[in-house]
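Two complexes come next, and they have one chain in common, subunit A, joined by subunit B in the first and subunit C in the second.
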Partner chain A sequence: MSLASTRRLLKEFRAAQKSSSDSEEELVRIRPVSENDLLHWVGYIRGSKGTLYEGGRWNIDIQVPKTYPLHPPEIKFITPICHPNVNWKDGLVCLDILKGQWTAAWTLQSACMAILVLLSDPEPNSPLNVDIANLVRSGDEEAAASLVHYFTAKYAST
Partner chain B sequence: MDADITDPSDWLSTPLSSLSTLDALLRCRICRDLYTAPMVTECAHSFCSLCIRKCIAATPASEHPCCPICRAAVTEVKLRRNQVVEEVVGWFRAGAREGLLSVAREGGKGRKRARVDDQDEKRSEAASSAAAEVRRSTRARPTAYVVSTSSSTSLLTITSSYQEIPPSPEPTTDGAYVNLDDDDDGLVPCPVCDKRMTVKQVTRHIDSCLSLKANTSSSSSTTPSSSTSTKPKTLLASSSTTPPHQKRLPKIQYSMLSEPKLRQKLQDLKIPSHGNKQALQARHSEWVSIWNANVDRSVPRAKTQLLRELAAWEESLDRFPAGSRVSAEGLEEWGVKHKGDFRELIAQARRNLPKRAEAKAEVEGEAELESDKAAE
Partner chain C sequence: MMSGQDSEVNQDDTSAGTINPSDYVTEELDDVTILRLTQEIKDHEASKTPLVGELKPISVLLDEYADSTFRAKIKALGGGSTGYRPIRGDGNCAWRAFAFRFFEFAQSYAPDQIAELKSRIMSLTKLLNEAGYNENGYIDFVEETESLFDRLPGLTTETLVSEFNNMEVSSAVIVHFRLLAAAYVKTHAEDYMPFIDDGEGTTIEEYCNRQIEAFAVEADHLALSALVNAVGVADLGVVYMDRSEGEDAVVHTFEPMSASAKERMKIDLLYRPGHYDIFYR
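Coming up: the complex of A and B.
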């Protein structure tokens, strides 16, 4: 890993340390697995209030490439989550900024915030989970909501 | 290394927490460090020269490079130096940050803690007056010198350099900035002849000083004309003393070059030229970024330093695909597993050796390599 990448990740680590208080209010919290390996982070995302995902807490895993921040990190859900743009099996997220639209000005924290926003604003036209995407696309909000609530209660309730 | 990792959040726990914004604004959004050779893009965003150049170089050829903040198209040749930001960062980095921060921390402590003795009291007073001073100065009103006998010399340099704002920080050979106002005499040096005098005197003195200099060095091709005579010294210096080799390197269309020709280019630049075309291309591209970013610095570094940077970059490259990192034990295991294969190859090479010696028959590819090794 180059010096520039290390320095940048150290700064993000410090920022994450300082901003974090383990309160219920905090929607995104991330940290490196160990201080010796800044290329592997873990954390969680909480569903924000007023959304289908309120009350859930999903663990995430972040793999940072050595060329960071020139290339995007790979973020996936460890806890299963029922969402049109998240693969049910491997937890991979379909989000443009984690692919071609990534720019070096994004940070791990801001990328996680983008995922949080994606939870309440799904894009069912490029689905990774066809079942829930079809429900959302067909406008059956009640069915989609109950499905999300079911899986949230089953896997991600805190 | 951890010690020099600074962060805008350093201010948050102090009474000067609003300076966190200033601190954040003086940082490149790519590396999150204080700007080094800041460049402004067409969309008016600023980045370190090296950061934005690397970003542009990392953009796939099929896409147009875009600004990391707003995604507007950026073109490398249209990047321009952001002189003001560079000077502000130079001042901030040279000690103003540290000075302000220690004053702020001291002030924070002083408020929380019961005042133990006279000296402590005095110091915290100085600190809070410093805080007030800084707050006042943000209103763009020149402040009078704070001539205090307290130990807060950092305060003095902060307020005095605010008022005088030198035309350009005086760069030293090692790339660091020297605060021009380290002396507490309240005088400033003339940007032309370095003679120290009061601010008022400088404005009067500078014209006569320049005309004097123009007369004495009329043979020099860079005699300042009347239009450039108000330029700060460093600008004159950088435009007149830039060595001819400090030119930006052009980008290369790598697909148009064959491997030997590319290798020749690298040799001409006197940088390592081993590896296949892909490695050559990556190395050349990195070197162009490092080199051009160095040209953008007000005080460029020596080529040896750049070569070290290139070597460090090469070192950091991941030569193995992700997930298959080879550890020492892994290598050993691999050796044991493929022992038979190695023996086979060595035997094959031995067989080929006499053949080659006799008939100089063409031995191809790996077998040839192996026989060379065996011959050794």
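Coming up: the complex of A and C.
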């Protein structure tokens, strides 16, 4: 890992420590698995109030490449989540900023915030979960909501 | 892009290289894998040339072209007094070329002029804040540029080339300059929106993210204009070496809208479709 990566990740680690309260207000919380390995982080994302995902809490896993922040982290859901842009099997997220549109000015925290925004603002035209994407695309809000609520209650209720 | 023997040799190298597509076909490729593989191929190709090469006489370019349109334009650029410095084609070339030439000019300045230039560039950090960037996201890159300015009085052109061939230094300065250009667009939305509006609702944020901030995405016309405006101390001339008609290469000049310096640097880039190198008049 380069000096620049280490320096940057240490800053993010300190910032993550500062904003520490496990309150329900905190929608995204992340930390390195160990202080000796800043390339592997874990945490969770809570659904925002007033969205389909309200009340759920999903654990996430973040693998940071050695070339971070020039290249994006790989973020996936550990807790199963029913969402058009998340692969049901492996939890991988389809989000442009985690691929070619990544910017070195983003942080792990802001990348997770972007995923939080994606939860309530899906892109059903580039689906990783076709079942829920079809419901969203066809405008069947009721069916989409009941499917999301079912899986949230089953796997991610707090 | 290039005709002649060089490019054929390169293609042979690739097929015999370390990346074997059959290693990967056993499982379905997901987007992340495709992205990684594409990057590996790019890196593999790019690693054959230095990030910033040695200054060469312009006549060297003639050997790369059989095409008469190109040859006529190269000849029209002038003879022994002109030259070019090849830059690695990794998607950052325009940014790296501009940044290197910028520091090459600065390196020739007197210490007090360097100090003045440094404070001008550092003062632009307020632009990053105005544009809404998080300090944790940009500070390391800004500090790397600052430290390069501090080392500059002790550098020669040769050692500056070495500095820019250090991936860490080079990348940091490029990210810094990309963010300055994007911040300029974001804080001058009324000037740029007419060019960004594509009828599909692309916002300033999306444009900057896609075309300017993303590392290894080539600079377009608007990005270069924003970079020149943000930096404010350099005119940029782009010499277009393409297949368009005429014996002379078209030169497009970018000048800062509000220039802070009386005497501005004259940075010239040589554009060949898809790639920028530095041009020396």
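The working rule: the second predicted complex is superposed on the first by the 158 of 158 C-alpha atoms of A that agree within 3 Å, B and C clash if a C-alpha of one lies under 4 Å from a C-alpha of the other, contacts with A are read in each partner's own complex, and residues count from 1 in each chain.
One rule holds for everything that comes next: a contact is a pair of C-beta atoms (placed from the backbone, for glycine too) under 8 Å apart; a residue touches a chain by one contact, two chains touch by 3 or more.
All values reported here derive from a predicted model rather than from experimental measurement.
After superposition onto subunit A, the modelled positions of subunit B and subunit C overlap sterically. Once chain A of one complex is fitted onto chain A of the other, the partner contacts of A:K66 are limited to subunit B, with no touch recorded for subunit C. By the document's definition of touching, of the two partners only subunit B reaches A:K18; subunit C does not. In the overlay built on the shared chain, the residue A:L3 is in contact with subunit B and with subunit C. When the two complexes are overlaid on their common chain A, residue A:T103 makes contact with subunit B and with subunit C alike.
In the superposition on chain A, A:K49 makes contact with neither subunit B nor subunit C. It is stretch 239-247 of subunit B, out of 131-139, 149-157, 239-247 or 329-337, that runs into subunit C when the two complexes are superposed.
Within subunit A, the residues touching subunit B in one complex and subunit C in the other are 2-4, 7-8, 11-12, 15, 69-71, 100-101, 103-105.
Of all residues in subunit B, only 1-2, 5, 7, 9, 12, 29-33, 51, 54-55, 58, 63, 66-69, 71, 312-313, 316-318, 322 touch subunit A in the complex they form. Subunit C contributes residues 30-32, 35, 39, 133-134, 136-141, 144, 168, 171-172, 175, 179, 209-210, 213-215, 217 to its touches with subunit A in the complex. Subunit A contributes residues 1-5, 7-8, 10-12, 14-15, 18-19, 65-67, 69-71, 100-101, 103-105 to its touches with subunit B in the complex. Contact residues on subunit A toward subunit C in their complex (touch as defined above): 2-4, 7-8, 11-12, 15, 69-71, 74, 87, 92, 94, 97, 99-107, 110.
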